[in-house]
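Each of the two complexes below includes chain A, the first together with chain B, the second together with chain C.
And now, the complex of A and B:
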């Protein structure tokens, strides 16, 4: 056992020390594998960043009620009477004044222009009442002030303000033929709400002809478990044809569709590229075996086992692929980690998010690199192990 | 099982053919040979006469079609590939025309390679390497790489590699074919010492009659058969 380990170590050392003789071919393989890992990790970091931005936005003790069957806020309608019934429902927390902590909200889309590309995109415009901000974690005005009720004032999430033009403090924008003034910029703990524009609910209802209806009702629960009682209450009352779920569950559902789509694009593309780099790895390793034919045959003549030459060749391939994988992961981290992008979220409006790499994703990228290295080295390693010694020594 | 007094090499009715395209070339057809322990044999003959093929068969790196090959009391024709590998590691030392050193390893690392197949510890391996390099007069070249040495020095490293695990049989394929006359004489003298003083059995393939004179006897292969010539010591 010790001998076979020493043999493998010797063969691997010889292989690696002879790499400079095959420098360019080996580098090509490293770069090809690195590109595969970069592409994969870029997609995974995008999906991960998107998912975290949305999924982290939801709280367990906030209930969200939408029209039954609505997949998102944009196609939901909740009537005024239904809002009142929810406010009277079980498990709803009440403030010091005894009023239920709820917020009926409108969710509309308006046009915006991306700073980076100049392209048009749909942006979420939310109408909410005075309790709306308090039902969200970490909402703070970072510049300016809160909008005044009854006015055409808006406050803008800081992520949206950075990504789209025309939303700097004090600027005016036009939505639905009405001019609005940006009076504040807010942060919301990095959540999806930072990709929104907020305005006074009654003003929006009036200007967008939605009087008497909202699209969602948010309500603070006395505790997370109270969601069950509220859901049972909604299901049992025929006037309330609403889907009631925790905000966390709602956002998890919203995030999964888009992040699944991103991953479903990323993996096939990376795998297709992996096949290309596999061809490169095979070429490199076959060349390596051919270049080392005399060395391999000499070692075999001395008494080294075929297994040691097999493993030594495989290890060389795995090391090249691993180096490519590490370079790819490092490149992704340096170029993409924290990179800000926006895409359409579950309600057909833009969500601004950061690419986020994680150790688990890097592990997946390195695993793909090693799979390329394994298959790229397997057949050349078999050739090395099975090469007739005489053919290796005399080239016949 | 053969007795310890049996010849180092015993070949009976050996047949070996090669197929080249549609043509079958017969190298040996019923060859017989015996080489006693402690012998130093020069194998000569025209190109294609089968000298190197026979050397490869004796070293267990090529297979016969039929017949018996017994080397160092082991029937090679009955061993599997892995058994042959282990057998080579403990019984055979190869010396090649072009030295076949690993260019990326130092002289000491090259010589140490066969010892990696043994149970020896690092310290013992290092001692053996120093001894082997001392035998060939290269004790001061342990850290030199092959490219930093002359052809003669490289061949001496190769000889040190061949003897470091103390094999009974040295197989030399044109060991001086790439060297000038003076250097060749130095190498052949070393082989002679290994045979005479250390009792190594040596089979050496050569085209060079001057090299053959260092051996105890010379075997001439012609059309797959031997013609023996005794040489003056």
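And now, the complex of A and C:
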């Protein structure tokens, strides 16, 4: 057993030490595998970042009520009477003053200009009441102050302010021939709300001619399980018939389409490229075996087993692929991790998110690299193991 | 035996190696063709748009409405040849996930404006103007849901509701239309605005946007300024833009698709460039003695150069052309499932032409170094080298 191990070690060392002789071809394989891993990880980090930004925004103990079938906030319409009925619904938490903790909200989109490209993009403008911020995790004003009720003042999420022009503290913007002043910048625990602009609900309602109607109602539940009671209450009242779901479920559904799409693009592309680089790896390893034919035959002649030459070749291939994989992962990490991008979310408006690599994703990338290395080395290794000693000694 | 035979024999001397290189070239070109087609289909709105078409939107954002009264006021602007208004219905069939692209329009004008894109029979023309509850459904949408002319279908809206509280409208399909030009998407449904406006419970007399055609491209700027100036400082300010600019801005909202495509295609090409380029160098070096023999026989350096380049170009074509075939099959397979996302997905001739051009360039790049080495090779060293 020990001798087999020593043989393998010896052959592998010889193989690796002879790598510089095949420098360019080996380097081509390493870089090819690295590029495959980079492409895969860039897509996965994009999907992951988008998913995390949106899905992590929702809380389990917040209920969201939308018009049935509307799918997203932008389409929904909830009338004033329906808002009252929801406020009286079961399972809704009440504040110290005995009032239900609910927030009827408007969700509109307005045009903004992206800093990086100068292109127009739709940004969400949310109208909410005094309870609104309290229904969201970790909302803090990082600069300036909260808007005053009844005024044309807005506060801007910090992610949106970074990506889009014209929303710095103190600037004014015009929507609907009305000037609005940015009086505050807020953070919201990295959630999707940081990609929004917030204004006072009644002011937005009157300026956008939506008096008496909102688009969604959010409510804090006494516990996450209370969602069932609220849903049953809504379903049984013909005046309501709203889609009631937890905020977490709402955002999970909003995120899934886009992030699925990104993953569905990323994997097939990476796998196709992996096949391309597999062809390269096979080529490299066959050349390696051919170049070492005499050497392999000599080793066999002095008593090395076929198995050790098999493993030696396979290990060479796996190491080349692994180095490529690590380079690819490192390149993705350096170039893309934390890279800020924005795309259109579920409500026809922009969501700002960061590319996010995770150990699990890096693991997937390295696995793909090793699979390429395994198959790229397997057949050449078999050839090495089966090579007739005499033919090898005389050269090909 | 002419040079071509020699090139072919050389290429396939090591069959496995040649096939492996072809596979990697095939994959790179398949990726190129598929992604380029996607990007093209994605931007089809811009390519389809003719320069004399303008759209008038609410200045705040395209999701904000405009009053229907703007229709007549804009129609009266000097330089406006044809005009129509559109109202987004937000339709779905049976389940909210079954999205249906439906618009409320003025039937007569809509058919006039889209006459260059779609084929309408005279009977359908008359019927659509006459029947208030009737809808026209494009051929692809008919096919998608298996509808027939005369069917009564309930189409729900994810925005609007009827006065009786229902979210669904019952429509009768009174006719269908096909595309006159390949880029026109017939996965669309149109209904009469008058009927829609009377039956909806809110948003009365509001429309989503106006589309118009100017008398000439030269009039575009004047018309744009006249319209936006007319509504400045009103509760509904407008932004008039060319249809092309609007489509482009809309596509750009998803992100920089072109950049992503370029990066991926770039990565795929760099990969094969290195693999194939290095292999070609190795292959030709293995043949050093032979090249020496050929030179001894009187083959000129130029002829050797052409033969090696010919081999690498042949390799690129033999890998790349089947790659285009694979791309064609792939596109045909995914076209139906992606119809609502990229309606006009297909492998366009100019993408094929660009791909073939790239193959030749690729062949030259990968063959250049070994070909020059071979050309410059000195007979004595060549025959002396092992």
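The working rule: the second predicted complex is superposed on the first by the 395 of 396 C-alpha atoms of A that agree within 3 Å, B and C clash if a C-alpha of one lies under 4 Å from a C-alpha of the other, contacts with A are read in each partner's own complex, and residues count from 1 in each chain.
Criterion: contacts are C-beta pairs under 8 Å (C-beta built on N, C-alpha and C of every residue); 3 or more make two chains touch, one makes a residue touch a chain.
Please read these numbers as outputs of a predicted model, since none were measured by experiment.
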Partner chain(s) touched by A:109 [first = chain B, second = chain C, both, neither]: second
First (chain B), second (chain C), both or neither touched by A:176: second
Chain B versus chain C as contact partner of A:389, first or second or both or neither: first
Chain B versus chain C as contact partner of A:70, first or second or both or neither: second
Dominant toucher of chain A (residue count), chain B or chain C: C
Touched partner set for A:298, first chain B, second chain C, both or neither: first
Complex contact set, residues of chain C against chain A: 16-17, 20-21, 23-24, 27-28, 30-31, 59-64, 90, 92, 96, 156, 158-159, 161, 167, 202, 232-235, 237, 249, 252-256, 263-264, 267-268, 270-272, 274-275, 277-279, 281-282
Contacting residues of chain A [partner chain C, same complex]: 24-25, 27-29, 31-32, 35-36, 38-39, 42, 67-71, 74-75, 77, 108-111, 117, 119-122, 175-177, 208-209, 213, 269, 272-273, 275-277, 279-280, 282-283, 286-287, 341-344, 348, 350
Contact footprint of chain B on chain A as seen in their complex: 2-3, 6-7, 9-10, 13-14, 17-18, 294-295, 298-306, 389-390, 393-394
Of all residues in chain B, those that touch chain A in their complex: 52, 56, 59, 61-62, 81-82, 85-90, 92, 94, 96, 100, 102-105, 113-114, 116-119, 161
